[in-house]
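Below is one structure, written out as structure tokens; the observations come after it.
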């Protein structure tokens, strides 16, 4: 059968339904666990995940070859100097003791002291977060602002030239490596046009506008590939929803295609979109390493990168732990927002 | 959408062809340095120009395709090889501690920042193509486990599975005989997508110097080499960049096309 | 304008020059914030610093330093002989974490004669003492500030430390109470840009006024052609060598080492990896040093000879070894070229890219390598060839005796002769493949003046920097 | 004046003609039923009237509502008309409502869209509508969400939405197919009352001729996109001129020619005996540490089935019929009681190969019960798995051919894939799969529920033939009283996991004892006795 482009997708859903046994159709029970239990369970698995993650992180990172002390002291250092530094850094204690110290410290908000920088890790991370977090939020905002309208537009014009153009663009967006894109952005906008500085971060004390300005190119470099993904998700989620029976019901009430999409489609399509936004946020927080490198931003990613090469293990461990924590928390929050969007998850009892 | 399947297929085939051809022929020896001839723009002798060591970029792109394909392919292989059985097992024992354990472990892997871990892995094991494969492969496992489990769960609800159970077949046998062939389409589609992501990941790792090591050419490393020379010799950045984009584009289009073509939702009932 | 933004490639891990090897600390603080008794000048000469003058006893064992009067630390306390004693004793102490403890090895005691006079007694004569005291690792620090020195350094220099945004920049401000000549700049910012592309972009976009130690030589012609910029090319103390594991077979055979040396085409490496910047060397010695002898002929590029030597060593079919490459581009790029050149004579060098931490672990401490490429940036460091446990494991008693004798010699002519002899010994032994002297490459705005072109030590001395009117 | 007039309506989607020269008309206050087999174009006719069609369709003919030419209207004008002049109720109540909007909002939307009512007015109106369709305010406040309602209640909400503007025409496409018989009767009553109260015209689409006969003033019979017969209900039922109509009615009323039951000795060891079977499903805990609760799907069920006997099991959806089947097949453990096959108990670890050989099953879904990747031969020999003396080679092929011939297929069909067969043929293959081990007992779980009436009639005939040929014993599970009545000798009635009544089929249907059985039988629409008019 040749593919037929359908305006209201319910026909194919319809045709599909035919093959579903009549008597199982009526039984699609929500069967969703009750809210309280749901979140208690989520919370418990969140805690277990974090503890397991901390083991994995600590013991995997500790097997990395290389010694922070000899790295700091360079090639002319004498062995006794290195030993002195190792004991000063607390590196001569056993692994398990160090793990316990690290983990209990973290519970109290103390992430330890960086080996190389000799400053509290918590402080360093907090400083870096002032760059990474706004950057992630900025990029996410950009990507959402671009992607959602594009996805909605494409879904509304399914199969028409507008859809094909948007989808073509997203295919390209997905395929472009973001570091390469960043290189090109710098070449065009910083070096040739000189609209933006080539990188660096002026700091928030220079004023929010100046700070945002200096984050713009990196945010764009991060946002566009993400936007491409998000737009695709938005479109396909909407198309799935547009194929649902209740859209047909809405149309039969007298809503136009567009009204049905806005009033009934969007909110239902939001769940997959929220999931992706959550994933992207965590990705942006951690995944900006290369972009931070290209734009020499003092962000978290670069901190880990430097810490890994300096074998500043405690920093690596703490940042990775923080990132894992962030991902798990974001997922948890996304789950919570599901309940806002979808009453089926709210439950009564 | 046979159009995207066609376009994607052609692009992917081209890359594959270039990689295969490079085993028997490249315009120049891709390892031969010719420093006096460095940084030449594309010309009659060197169709895509030369790099900072005077190597022929076309030859490097061809051999680099080999690296990209090999790394991504093996990484997908690892992901499938481990992820699919895990997903099948989880679905077969739905709701059991095994299922719960596998899914939680999946979530955990997902929660780790992949790039940071990839950098760590290469820091621990040393940079190199093999370790890049491991780093990329690890993150493919949960993807395949999840996709397989999701599809398998709905298959386990189908009556033909019930029929097989009535015939007394065990979970392992049913998974192999009935579930696997029916999730194959989905896995092929996901495989193409992971494959393209693998190519991007390899490029990223090589770009930060953690992928394939010289003298094995790699697109990502070519980009890394090119980065300071963009303004001198833009072709050094444009050529590998376009190679990556076209390959990933091709694979994605192919994946999309395949998905439509093999639409799992339309299976089963339709001729 | 009286402020300047200077970019550097590496950010200091912390701000105590006396307890880490990181050259990045000196890059920012040397001479700007911290000063020693003596100091390096841009041309490499050693001149008085906080010590106004000194006397050396006949036997060369006692140095009496007369300190500058009226010097205060940035915290307002005065700098006197007690501080000098404290600083030097701290550096040489048992539990010291000074990365260059060897500099102070011959010091027997440091004594305060009066507030402005310090006497250093040596256990054996050391002709290098004044030179050693000029190092960044020998600067004078304020005892009261030791606890916070890593984040809030307090020195005596022309600039005071004001702010550090980790990962981004360090700010300095003019020290109004400076004992010497007041600097022209009222404030300075050091920005850290490790990525070479970003370095180029930042310079081009005029985000920074100067880049000291510009990491991408390929971009220099563009800056030279651009009237907005000037390019400063000088020399460094970095002898870039292909280090060879002298204890590992087949490199324990001098013929094999010679074959390696003859297989290398230095000019190709300088052109290919450094885009022409760098001076070929034939031994481990800086060409700008008066005692330098050009020995490049000893290991001229001659693949035929290399193959013949290999055949003589019984390795006509070549062999396989490893080539460990640390991150700098001279190593990574040079390594690719050397691997190709070695391949031509039948030696397969498997490239292993490593980070510094790994390099220190496997190559430097583990001595688990065949070949490696490193630039040895310590000034006057030919003495490392006298240390048989040093990572390339060269063990030559004659050379060791020569070095011991050199340390005890203060007569300049005798020293020159001995140094030349030393250069010849290691060149003829083909201890390592001697490649080139690393160039010091800096880019600055065209009207910025007073920057060091050469890099006798790692420093960005801003005291003489100013903007042309 | 006629309310809706459709003349010579033709429709094609892409290159496929779907509707050909369809003509029908509805008067105010009249109920028109459109009936016909699946795929005959009933739904598309309805959607065409609403003009909710795919883009690339070609439409010709005449379509007018209250004299207004619908085909001449723009999309905006159509939007204005839909919901206001024409209301529509769809088949699937579970998915017809937006899950994230409260029912009040969804009913109000129609009102707000088509009138100038304020929100408060609309709210009051929505409230009275819900009251009207039988969802009283105390139990169903406007703030309820669809997932908190049962299928029948949701269907009432959909109806409330459809009649909110008192449309002149109400179209109901299979409004009760997805519902239980008892609920179905209530919904049909409601629709009938509404039509009467508001003087609406209504088109009801259904494949259930009993419903048609019960409800409609006029009937339109469709087949392959064409109207084959139309007329007033009484007249059409009486005459049934067109052969297709005759066939359809004959099939609906089909009485399989079941051989007389084998008389069995009640003292002999029953082929299958179920004693006090209990099956609990754990429910999710309400609170983290609350004691686990259970849903009892099968509650102390006992019965026996003797060799040669044909036993029926009826009951509403969800009463536990399939659960019981699965327990008998050893697919799920029991929490109490035991099941004996030929006197030997089924172990908790599933059946032995021999027990499996003796007992086979045919499932409901002809499309889902085969692995689409295997060929027929492989599919139907699956029951041989683990059987020690399973035939091999030529023997096996012969058995396959034998089974296929027995169900009226060709031996060559063994080499084809399942998608190459129609639904009816698939169900034959499913029966062949059940027959191949020459079992003593076959369980039919809703084995004909998903089939079209005519196909269903064929399958029932096939079963009757097999009974005469092989003396089959089976347990026949269905919600369709008519089918159970015609296919079984003895019957069990199940309600909420319990057997509430059992007896000889004929007795049970003619003189039901238990109130539940009574209500089931009363709710099931029946075709009027057509014997007089039958050709």
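Labels A, B, C and D are assigned to the chains in the order they are written; within every chain, residues are numbered from 1.
Note that a residue touches a chain if its C-beta (ideal position, glycine included) is under 8 Å from a C-beta of that chain, and two chains touch if they have at least 3 such contacts.
Keep in mind that this is a model prediction, so the values were computed, not measured.
Chemist: State the pair with the higher C-beta contact count; candidates are A-C and B-C.
Modeler: Comparing A-C with B-C, the pair joined by more C-beta contacts is A-C.
Chemist: Relative to the centroid of every protein C-alpha atom displayed, which chain's own C-alpha centroid is closest?
Modeler: A
Chemist: Please compute the C-alpha centroid of chain B, do the same for chain C, then give the distance between them in whole Å.
Modeler: Centres of chain B and chain C (C-alpha means) sit 44 Å apart.
Chemist: Express in whole angstrom the distance between the two chain centres, defined as the mean CA positions of chain A and chain B.
Modeler: Chain centroid spacing, chain A to chain B, equals 21 Å.
Chemist: Using mean CA coordinates as chain centres, what's the chain A-chain D distance in Å?
Modeler: 46
Chemist: Could you say which residues in chain B touch two or more other chains, in rising order?
Modeler: Residues 123, 227, 230-231, 268-271 of chain B each touch two or more of the other chains.
Chemist: Got the chain C residues that touch at least 2 other chains?
Modeler: As it turns out, chain C has residues touching two or more other chains at 195, 197, 200, 204, 327, 355, 358.
Chemist: Two or more other chains in contact with one residue: find those residues in chain D.
Modeler: Correct list: 364-365, 367-368.
Chemist: Which pairs of chains touch each other?
Modeler: A-B, A-C, A-D, B-C, B-D
Chemist: Chain A touches which residues of chain D in the complex?
Modeler: 13-15, 38-39, 43, 50, 52-56, 75-76, 79-84, 86-88, 90, 92-102, 109-110, 113-114, 145, 147-148, 151, 158, 161-162, 177-179, 284-288, 317-318, 364-365, 367-368, 446, 449-450, 479
Chemist: Inside the complex, what are the residues of chain A that reach chain D?
Modeler: Per the touch definition, chain A meets chain D at residues 2, 4-8, 11, 14, 17-28, 30, 33-34, 36-37, 40-41, 244-246, 248-256, 263-264, 267-268, 341-344, 348-349.
Chemist: For a test of understanding, state which residues of chain A touch chain C in their complex under the given definition.
Modeler: So the residues of chain A in touch with chain C come to 65-68, 70-78, 80-81, 84-85, 88, 116-119, 124, 127-128, 131, 183, 186-187, 190-191, 194, 197-201, 203, 293-299, 302-303, 306, 308-311.
Chemist: Chain A touches which residues of chain B in the complex?
Modeler: Touch residues, chain B against chain A: 1, 104, 107-108, 110-117, 119-120, 123-124, 196, 200, 203-204, 207-208, 220, 223, 227, 230-231, 237, 241, 244-246, 248-249, 252-253, 256, 260, 265-266, 268-271.
Chemist: What residues on chain C touch chain B, complex-wise?
Modeler: Of all residues in chain C, those touching chain B are 195-197, 200, 204, 215-216, 218-219, 222, 268, 271-272, 327, 332-333, 335-337, 339-340, 343, 351-355, 358.
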